Amino acid sequence: MSFRYEIRFSGEGGQGLVLAGKIFAEAAAIYDGLNATQSQSYGPEARGGSSRSEVIVSDDEIDYPKAVSIDLLLALTQEACDRYYADVKEGGVVIVDAAAVQTIPEGNFKIFQVPIIELARQKVGKPLFANIVALGIIAGIVDVVTEDALKSAIEARVPKGTEEINLQAFQVGLQEGKKYLTSF
Amino acid sequence: MSFRYEIRFSGEGGQGLVLAGKIFAEAAAIYDGLNATQSQSYGPEARGGSSRSEVIVSDDEIDYPKAVSIDLLLALTQEACDRYYADVKEGGVVIVDAAAVQTIPEGNFKIFQVPIIELARQKVGKPLFANIVALGIIAGIVDVVTEDALKSAIEARVPKGTEEINLQAFQVGLQEGKKYLTSF
Amino acid sequence: MFEYEKYIRKNKFPLVWCSGCGDGIVLKALLRAIDSIGLEKENVCMVSGIGCSSRLTGYVDCNTLHTTHGRAITFATGIKMAKPELNVIVITGDGDATAIGGNHYIHAARRNIDLTVIIFNNFIYGMTGGQVSPTTPVGMLASTAPFGNMENTFNISGLAQAAGASFVARGTVYHTVMLEKLIKKAILKNGFSVVEVLSPCPTAFGRRNKSGTIIDMMNEQKDNCVTSARAERMSERELEGKTVIGELVNIDRPECSKQYRKLIERCRSGL
Amino acid sequence: MFEYEKYIRKNKFPLVWCSGCGDGIVLKALLRAIDSIGLEKENVCMVSGIGCSSRLTGYVDCNTLHTTHGRAITFATGIKMAKPELNVIVITGDGDATAIGGNHYIHAARRNIDLTVIIFNNFIYGMTGGQVSPTTPVGMLASTAPFGNMENTFNISGLAQAAGASFVARGTVYHTVMLEKLIKKAILKNGFSVVEVLSPCPTAFGRRNKSGTIIDMMNEQKDNCVTSARAERMSERELEGKTVIGELVNIDRPECSKQYRKLIERCRSGL
Amino acid sequence: MNVIRVMTGNEACAEGALAAGLSFFAGYPITPSSEIAEELAELLPCAEGVFIQMEDELASIGAVIGASLTGAKAMTATSGPGFSLMQENIGYAIMAEVPCVIVNVMRGGPSTGLPTLPSQGDVMQARWGTHGDHQIIALAPYSVIEIFDLTIRAFNLAEKYRTPVILLLDEILAHVSEKVVLSDTAVRVIIDRIIPQEAPEAYLPYRYTQNLIPPMAPFGSGYRYHVTGLAHDETGFPTNDPVEIEKLLFRLQDKIIRNRDDIVQVEEFLLEDAEIGIISYGSSARSCRHAIRQLRAQGVRVGMLRLITIWPFANVKVEKWTKNIGKWYVVEMNMGQIAREVEAAAHGDATIFGIRQINGEPINPEFICQKIKDGLNV
Amino acid sequence: MNVIRVMTGNEACAEGALAAGLSFFAGYPITPSSEIAEELAELLPCAEGVFIQMEDELASIGAVIGASLTGAKAMTATSGPGFSLMQENIGYAIMAEVPCVIVNVMRGGPSTGLPTLPSQGDVMQARWGTHGDHQIIALAPYSVIEIFDLTIRAFNLAEKYRTPVILLLDEILAHVSEKVVLSDTAVRVIIDRIIPQEAPEAYLPYRYTQNLIPPMAPFGSGYRYHVTGLAHDETGFPTNDPVEIEKLLFRLQDKIIRNRDDIVQVEEFLLEDAEIGIISYGSSARSCRHAIRQLRAQGVRVGMLRLITIWPFANVKVEKWTKNIGKWYVVEMNMGQIAREVEAAAHGDATIFGIRQINGEPINPEFICQKIKDGLNV
Amino acid sequence: MAGKSNVKIHIKTEWCKGCVICVEYCPTDVLAMRNGKAYVKDITKCTACELCEIRCPDFAITVLYDKSEK
Amino acid sequence: MAGKSNVKIHIKTEWCKGCVICVEYCPTDVLAMRNGKAYVKDITKCTACELCEIRCPDFAITVLYDKSEK
């Protein structure tokens, strides 16, 4: 049977989670020849507040483009984590920012506490790169999309002139992620 | 069976035919205890052009308020006469202004050529009163609504201060009409 | 003798307007202005809204568009932006342009799009039988102002100026020759141009307000108007109760459709 | 210390607006103005359209009405005419008031109906993410003006004046104290009053136009504004590039809702 | 005492509104509705009410909603093009539950169409003209006196159910003059909106009361609350909570649907022994009555189910009658807008024929007779 | 060559329009449609086309009609509130037969409702929103690539039938990013309007041609004629002649209705062996496909008739399939707008259930599965 | 003032609506009304000033003359 | 400039959005930012001018002092 992998990127407005989702989807769809959809949800209030972006990857047609049972949840804030962990499926993966998420949810899933924002600050220079670092971490932990595809998608999507530093951020995440390596 | 009497007042804009129709309807409905409806039709162009006003009088409820077979047609212009005479029912009455309508329609109806406008000018003072003169003529010729009812309706409807002269116009018409007396 | 026949749709005559309605006089001035410029009928597009005055478009042998109430300027904007080589003339009434259509009027002025808007101001809603308009003078009667209008009125020309129009003028049907010249200037102006024409409505306005015949109403124009040139030399007090006619505004500002063509050029040349 | 708590709906806080959005500063000035007049909350009615700024009404503990985009003034007109004893304050954005709502804006000014309209001018459509507005300066970027805005802009205040407003003022969020005073005067004025407030949008306008932080944007207000009093003593050239703030128009004209009450009196007394 | 008058439909509408307690009218002139405004311009100030001619129809409906929020009984009147322009704010009145009456005097459409000629082409628009799911009440009188009565009823329903009510007239009814007998003494039922009894602090403007209709406090009466066109909870403040959204939208639906029996009125005219049924409404129903009398005189047993309430649709009655009578004609001055509804309600139980006319002329009774007689032979 | 891209529905709409030959866009921003305008603001000038942001939606549709009259392929995009404001002039475009495309990206209603959340609540409004009798074409794609294709088709139908065409998207489709494969080489069918062949003197702008669609001369091409929203005869000038009126209104109806076969498209998805049918459209149809696959995996034989053309309604297909399959679920994000149409078309031949959701959330496939499984036990 | 020779005034009565504008504003009293329509009372006084033509709202008057003579 | 005694500045951190306006426009450098929120760095310099309060868009600052002392 065909596979369907659901990722939810969550955190707050301004953390670039929609971009992360788009890059992931493009990596899958354009460079890995899979199907992918990406969507986001708008909070009740347009400004600020929590933000979420979902990517579905599949080798078949993707009918319903919203998450139904999440394979992987990334949460960069406590609020986002609290709100979304319950949607993660049994045996799924939850990656949280180690500093921002202090209360760790319990459930039938693997949890990874990674100092994502800190890594971005220290090893890339700005917390702004947390979204790309997170992409690296995901690539390190799960095997849905190839590293090469993600790199190509990053190069194509980020603003001209920032390709280098973004790829560096990806590498930082990748290495960190590989420490937690799991198999898909 | 109940009776239904249909009158169409026709001529051109500004001849007061809508007012004539309303007076006739009020005479029947308010003062003679009958039912009555009055309606008018607007030409394709709002300004000027031919004008028509229809009154239906009945002792029963009036369902369809438009003329279906006309009992009496008043025509103050040739155009109006040409346009409407065909809707007059067999044995109906057609009253035309003797000066304005030169081509007399042919059909199975009684036709009366009356110098209505001329009477208004000469005996009342202004051609403007032709509509009230016509009411008198109709009252003289057919017996649908009582003279008294028409007089009361005229008094109630015409602008304050003009009651006298309008009643005079009615009398002028009435006398003329009686010359042609017929029975209903 | 001017050959109106060259520009009219003769088989649609006689005109729908009432006897004495000023609108026919404006139509003639407009045709003479078009002729004097030498515009090709193919390249003239007249767009009107809804109202007595807006029926004008049916009579002119060019590209004519009778739209919805108040929206003529929006249709005209689409035409001008899509085909800037057309001369687009908007025919509208005081109600059409400044009541329901007021927003489009000020926005077209702001954009300074090259339309010529001729507003037939009869101070009333003629078509619907004499309701009050944003230009009905205070105290005047209308079917929906049976106790006399008590709302302040628009200064149609002042509004266009404040919104950004390039050319604003006021004319009357009495001053027929001047009217033709003002319309001509307005058409020739590169930018948003307005000619407000005081065009009496003897039926819906005149009758109710006992303004007398159309002659009385035109004589009133003769007696009551001063040209903008003369008005400049008059004091506030002398001007009281007078109507200023003639050219009121004539300035140069960037025009919308041409600005857009420049952008296309820029994109095309990859700048 | 001012007791804002008396006037706000505390349980709706924190405010929906972005960090640094000027709108909160205006809200505070408005509350202080209301307090300084001594208006009863029961008798204050705030009516807004749709937009970031229009979300303000949700936060004030009075009769509040969040209407449809561009139509706040029409609802407010109904309220004022039906219940003239209410103090009706309209909260609106540059887009809400002058793009989609432009017609109601000029008509309310024409009628000179006793509303106080506070226009939050951030030169952009904030709520929908930064599209060009009729006040976006020429050359500035917006999501629907990716090559820079090339349309001329409205002078919001000038438009109100031309349409007939009684009171027109312009303020900024930097000049907070003056803003409070202008709003107070506007509310007290018997007639149509407008306060245009320059309220920076760091998100939808600032980011795209590299205007820096909200501090940079407020400093720009500090550096670039001259009061109307001072402006009168400045030459055209000196005024170039400056923004005039303060009271711009203050005249007395018949007010609409009161005129109507007079008519009712007239009818009642059978005159 | 009875007063006998001859008046037009538009006059009757204006006077009915005043009798219902109208105190605010905002409108913009349009044929064939303008006389309603003209009447009220004259009558309202004398009744201490407000008449205002707005700059357009968008503004008219806005002002009406605003006035209603202060407690006024408020109305506007228009025709097709203006009715189209009002659609956005009709939706607002539905969402914010602001009572008001909107008169649409139908003329020929689409677009500017036939400004002076009658039609019934806006029936479906009255139901579906505004965006988003909603319910609406629409009434269609068929005589001048019924215009008077149903105008009052429109206000009663608006106030009772906190909702806009649409009164559908047509050019014929608007302009026909007809005898009406107005009784001074007859007790007229006038319903006013329910105002809150609780203290302001306890007031929830959109409370889920048992009858689904929250009491409504006039602005300026000491109840300070928030009104919005956004989806909102009981407090009146915006919400994006799916549960609250659903609760709201279902309440808005149910307050109308569950009260169908109170709202829906029909007239059953000579149906008891009928072998052929007619469904009609408004001025077309007058043509039908005329035709029915004529047909019956010729021995054809025809009757009519006349819709007085158009929306919500008289499903129950139509279902019942289409089970009883197998052949129906739906007579209307449009291309079959109500015929579609009848079709759906009949579930195949009866054959439905449309008698339609869209040429700007009223439907001639003779035409109906002919169609029905033609049908007898097949 | 094939180009693989990931794009949103709104982007696909903008690009589809350009591929169809769009050269004029006028609009006013509104969530969730604004990105269509934003894309085109950037792309149109480079394609020598015109983008203009108007002062409101009334102006937007006006400008679009004006531009189309000069020969441009013209479009606007909006959402519920703006769509309501456009209704008057949509009627104008129908009456004057001016081709154009109107995109309505549906969000929750009524009124301001749920600006950022999806719904399918404007389906009936698309059919009946403007006053007067009329026909309309409306299409509802269900994927990003289908948005691209149907945007082109919308232009083709508009130009072919001289009529406005409505493209109904919803918030989900507008904002979802999806893989699309665009082929450079595949021949895309692009239909342009028919222009007159006769000399200007002989041109009748509203001629009763055999195919009912009069050729259309662009303004400024030497054909000087008159266009009005009043009822008009073949010459384009106003008429009140009942015969001419009827001719016009029937032609406007028939040019759509007689071409149903060309216009109406449906997708029959796993219907052949189905015992239970689903009817759905737009993004709801994606939930249905997901549910169908799941149900079939569990042995439930379900299939779907997916409406691609919403209006004119796919009566023939629905009639056919409801005769074949006795149990149907109509799945939509509204209170059952299309379910009513299905009911009418089924004539009682099948039982119709609605699966509705109006809480701002997309319909979860699990919810559909559950409903259908619940139905198995009764 | 003596009129021009060679002047002809053509009045299209089907279009004339009898508004009297031409009569009123003719400087030399050339025109008059009869049966609600304008007619030429005395062409000899006509100066071919065209004021009647220019102001007739209904396109009903045409002033014809040989321009070379003017 | 010496600050006022008896002044208290209350910052409601739940409402503060960290826009820095208060910090920037405090004439005597009383306030500063920490973790994206404003805090009172040195109350002794505060003159109770209320400029911070008046300009805080988020109602997050309250300046409390005994007015009689002013």
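A, B, C, D, E, F, G and H label the chains in the order they appear, each numbered from 1.
The rule we apply is simple: contacts are C-beta pairs under 8 Å (C-beta built on N, C-alpha and C of every residue); 3 or more make two chains touch, one makes a residue touch a chain.
Everything numeric here is computed off the predicted structure, so don't read it as measured data.
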item	value
Lowest number of touching-chain links that must be crossed from chain F to chain G	2
Chain pair that, of all pairs, has the most C-beta pairs in contact	E-F
Averaged-CA centre spacing for the pair chain F and chain C, given as whole angstrom	38
Distance between chain centroids, defined by C-alpha means - chain G, chain H (Å)	86
Computed distance of Cα centres, chain H from chain D, in Å	28
Mean-CA-position distance for chain C and chain B (Å)	43
Per-residue multi-chain contacts in chain G, two or more chains	17
Sequence positions of chain A contacting 2 or more other chains	43-44, 46, 48
Junction residues of chain E, two or more chains touched	31, 45, 55-56, 58, 81, 88, 92, 111-112, 116-117, 228-230, 238, 240
In the complex with chain B, residue positions of chain E that touch it	4-6, 31, 116-117, 172, 175-179, 283, 286-287, 289-290, 293, 362, 364-366
Residues of chain F that touch chain E when the two form their complex	58, 80-81, 83-85, 87-88, 91-92, 94-96, 106, 108-117, 119, 121-122, 124-125, 127-134, 228-231, 240, 242-243, 245-246, 249, 253, 334-335, 337, 340, 343-344, 347-349, 358-361
Residue ranges of chain D touching chain E (in the complex, touch as defined)	9, 12, 41-43, 45, 47, 57-58, 61-68, 71, 73-79, 81-83, 85-86, 103-104, 107, 260, 263-264, 266-268
Residue ranges of chain D touching chain C (in the complex, touch as defined)	99-103, 106-107, 110-112, 134, 147, 150-155, 158-159, 161-164, 253-254, 256, 259-260, 263, 266-267
Touching residues (chain side chain H, partner chain D) in the complex	14-15, 17-21, 24-25, 50, 53-59, 62-65
